[in-house]
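One structure, pasted below without further comment.
The chains carry the letters A, B, C and D, assigned in the order they are written, with residues numbered from 1 in each.
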Amino acid sequence: MTIRVGLIGAGVMGSDHARILSTAVSGVELSAVSDPEAARMARIVETFGPARMFTDPVDLIRDGGVDAVLIASPDQTHGALALACLDVGKPVLCEKPLAASVEECVRVIGKEQAMGKRLVTVGYMRRFDPGYVEMKRRLDGGELGAALVMHCIHRNVAAPSFMTAPMLITNSAVHEIDISRFVLGREVRRVSVVTPRRTRLSNMQDPQIVLLEMNDGVVVDAEIFVNAQYGYDVRAELVCEKGSISLTPPHDVTVAHSGSESFAFPDDWRPRFALAYRSELQAWVGAIGSGVPAGASAWDGYVATAVANAGLKSLASGEPTEVKLEARPACYS
Amino acid sequence: MTIRVGLIGAGVMGSDHARILSTAVSGVELSAVSDPEAARMARIVETFGPARMFTDPVDLIRDGGVDAVLIASPDQTHGALALACLDVGKPVLCEKPLAASVEECVRVIGKEQAMGKRLVTVGYMRRFDPGYVEMKRRLDGGELGAALVMHCIHRNVAAPSFMTAPMLITNSAVHEIDISRFVLGREVRRVSVVTPRRTRLSNMQDPQIVLLEMNDGVVVDAEIFVNAQYGYDVRAELVCEKGSISLTPPHDVTVAHSGSESFAFPDDWRPRFALAYRSELQAWVGAIGSGVPAGASAWDGYVATAVANAGLKSLASGEPTEVKLEARPACYS
Amino acid sequence: MTIRVGLIGAGVMGSDHARILSTAVSGVELSAVSDPEAARMARIVETFGPARMFTDPVDLIRDGGVDAVLIASPDQTHGALALACLDVGKPVLCEKPLAASVEECVRVIGKEQAMGKRLVTVGYMRRFDPGYVEMKRRLDGGELGAALVMHCIHRNVAAPSFMTAPMLITNSAVHEIDISRFVLGREVRRVSVVTPRRTRLSNMQDPQIVLLEMNDGVVVDAEIFVNAQYGYDVRAELVCEKGSISLTPPHDVTVAHSGSESFAFPDDWRPRFALAYRSELQAWVGAIGSGVPAGASAWDGYVATAVANAGLKSLASGEPTEVKLEARPACYS
Amino acid sequence: MTIRVGLIGAGVMGSDHARILSTAVSGVELSAVSDPEAARMARIVETFGPARMFTDPVDLIRDGGVDAVLIASPDQTHGALALACLDVGKPVLCEKPLAASVEECVRVIGKEQAMGKRLVTVGYMRRFDPGYVEMKRRLDGGELGAALVMHCIHRNVAAPSFMTAPMLITNSAVHEIDISRFVLGREVRRVSVVTPRRTRLSNMQDPQIVLLEMNDGVVVDAEIFVNAQYGYDVRAELVCEKGSISLTPPHDVTVAHSGSESFAFPDDWRPRFALAYRSELQAWVGAIGSGVPAGASAWDGYVATAVANAGLKSLASGEPTEVKLEARPACYS
């Protein structure tokens, strides 16, 4: 059975998802696309083959030729579109964040809880990165003892002009929040944001260090630096009682030239997490077929946003901030 | 359009191809399988979904529900099956070697030449490994100047009991032969096999060093060691006039434990070249759709076997052996 | 001219210094040794050649056959012995810490200031480690822009039984304090100690994360983990505006064996910093000859102890603690 | 007791030895220097302190104020000067080669044999490089089984203008010959030189691959490339029955900058082998004191030259060449 996917959003992420779905995922076809800009839709149809075009994303969601929906439209639209998918009972993969506000996230999990059924997956693709998966596998294997500290690094080459200091938390650190929860299997109970000396190559507070205290005491320190210039670089080290696991910066070759031996950093998150994006989509398609959810749930999407919000408060106040979460509905355990 | 693939051979490699085709490749479905052992066929159908079963592979090849054929049966059957595919004009991906003898390889390329059409792809999957692809890209980019020397290492944990000293060349070194031709874009004109001290953990001449002299003078030295014990390890360094490019041994994490920091080797070629196998199959499916061949051609399959044969002579004689090739038909240039 | 050195303390560090002085440093001889235990003194004399033995270290300090003094006795004796050296105007290399209390450190710098002459060097040997030296050189070179964040890791295999939670700061973190000041060229203005989940392999708060805020806003985060089990591991990464510099864990070989490729960690700080210790002693001897001080000064020793004390307050209170320093005497600028 | 060393040769290597002896070695002083150029001698005396100057190196050798001699003059003078040292019974460290001809080497070992005493050390400093030492230690430890193959790489940035193709063997490969013998503990029985495509950045046959067959069948393949442009790079991998040991290219830091992470190569052999040179000199001084020889003996110097000569024949003829050695005198076992 081939899953017919409708894609909402034909921008950078949407186009990338269209490419992966059309050229690298089994059991799926891109059957519909929606975007306010007709030209962007047309480009996707030209490049990746026949798909019907919808101006209104809700029409796409309701269309009988669409089995499942992939939301890659602007962040503030995510929550309403995810809810619209739930209205018609269709599986949906929503790019992070699940919704722009905690309240909207709560509505989504409330609706899933009411339906007694999980249809929403949130696109925290790092959960499919082989490095993090292996890190979690080794931790769960037990040989290294309990986790104690996790060091994370998240560096972009240069932030887009619309980026602001709070967005380091809501757009970037949110990945560190989700992946820490995934690897450690624990919730965050407190967030502190430390503000080091700023780079002069930006007008905002960049870098920031986000400290997460998990509910078993593990401390995660995540450096977020979105104007790091030298490359896109995401690292993590998990320090356990008897040993430590570190992600290896992915690279296929080293080159000895002009006095040094080097490997190249990717330009941004798409090449860095290319394997993760493919696996995420493949797993989503597989989960639709099998009915067994894979990837980050709506609950995970809600928590990431809630923890990021606590981070925003800490950034503003300079003080550690407690994270307060809803009770976890049974369907997410 | 979905390509309906018939798989011949339900052993280790066949099952792996079935898995990849069914779970990780776009635009394809496994529609038929053939194997002398019914139980092995049945296992594939159970695991990867409905596919018709054929006792006789030629029936599968001729079947109207099969658009393209994947040959993963024992080596000595490859040539005849590939020819049978050409008889009915169907695209075929044949696991290496193309055929067990040079003569049979010549028949395949002769037939393609006669048909004026390339339908055969040979499964030298390394051509899709990101490391070798990047190595070739950097060489072709020109920044490092001309290639001069290429160092290759090919180590297996332990050879199966049927392995013999000549098979180090025909089964293992043949990959080094193909990938050297791919990266360097040159033919081999002479082969010498050097026989170092043997490991006591085998009864045959293991390791061997295979020296290839390319037709522009580049020398490739390839250590083949099929009882290396410690892990499956394939490496390559391309030394150029102004710099050098080396494959990085793939690994996602390093672990600090018990006094050392380490990364793990894969157990065998399947995890090591998992990305390459997937990309090879995806490229093959794409090439069927587009009509533009991708991957190693029948010519490449013939040359690899011819060069390996020269290697066998050198192993027997202890002397360098010239490689004599047929003229290259126009359809392969 | 050969400098005649008197060594105070014949324990682990003292013996190591005796060995280095006697076998690897130019322009020096070990002429005297003092230790309360006669047997330990005798062992040094037997192993490293003729040196006079003193029961009372002050007799050694005052002896006419001693040109310079190396203090490697227990921490609480350092301050008084350093002052005794100043009394007789002899150069002294005092193992860290300079003194057990801030007050005693202040007495030493006060005395040097009064003498208008720097005779005291404190054994913060990392200032001679090639990695930190190169890190500083690259930062000072300017190509990477200003420093913003420094990540430090300090892990021991297992703490001795007398170790307590505060000693993670005074004995271990004190090295991170000194080397951060050295690399960054800045003073610390605030210290916070974060207490993650504890390892069950110790009875105290281990690990700890020490956050230093430098007076230009640079933030140093130093993980101190003295029961890390897997090896002695000291790392640092300096994140700058345009790039980042990391120490490479020193190792001479990698070994591929039993499924993985690995390098070994040193057992403790002596092999890890063997080059640094030799260079420190050589530089000290050179500085005595030239009159130009090298290495950490009494001021540096005082500051390290003062900052560590602020860290102790933060560990006890759970709050960030301001560092208050004496005015820096002119002789230390 | 301080060993008074007389240095012959005040060029690049001589000056470097003077520096190391004067600033980094225990138990020694530079008491005399000899060079045909007075200005070069004067520079050494100015920089490294009082030493008497001799125009005639034999005067230096015979001088009563010289306990031991370090020969760093041009290659063709080595043999005669070493013999002159033996004439007066003084220990001598002779930079490699021991002598310019096999015959002269034989005279030196004959003389030592007649004296029944080893006074000559040859400056194959790699024997003191921590990486090779560790490689040998691990091999001798037995855990990895017997050695089978050794891969060596020897690359210089650019050859001096006087360099010729045969000098790749006599000046560069000679180091690989010596270190292979040292690590493997075996003699070479056959040498073949393979000549790959030449770099266009030189007028001679560069690179070359030198194959050594040891007398237990181990094969060493050594790539010599003296115009490699990108940096000074010496590597080695020792492949054993159960595992493999590789030298790590020494570097203290990595730098992430401008799209890649890199470490720097040294410019030439002096920084690369700085530790080895210091240890070699320290060991030589220690050996003079203890009477127990350390480092490469005159026999080792003779063999390296004899094997290199066989390499020259192979380079000229294109054929493998047998190595014929004198019987090994008892004093060298």
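Heads up, the rule we're going with is that a residue touches a chain if its C-beta (ideal position, glycine included) is under 8 Å from a C-beta of that chain, and two chains touch if they have at least 3 such contacts.
Note that the coordinates shown come from a computational prediction; the quantities given were computed from them, not determined experimentally.
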Winner on C-beta contact pairs when B-C is weighed against B-D: B-D
Label of the chain whose CA centroid is most distant from the centroid of subunit D: A
Let me have the rounded angstrom distance from the C-alpha centre of subunit C over to the C-alpha centre of subunit D, please. 37
Where the CA atoms of subunit B average out and where those of subunit C average out, how many Å apart are those spots? 56
Can you give the whole-Å distance between the Cα centres of subunit B and subunit D? 44
Multi-partner residues of subunit B (at least 2 other chains): 230, 242-244, 256-258, 263
Note: in the complex, subunit B contacts subunit D through residues 145-149, 151, 194, 196-201, 207, 209, 211, 214, 216-219, 221, 223, 225, 228-230, 239, 241-244
Footprint of subunit D on subunit A - complex, ascending: 230-231, 233, 249, 256-265
Using the touch definition up top, name the residues of subunit C that touch subunit D in the complex. 2, 21-28, 130-131, 133-135, 138, 143-144, 242-248, 250-258, 263, 275, 282, 286
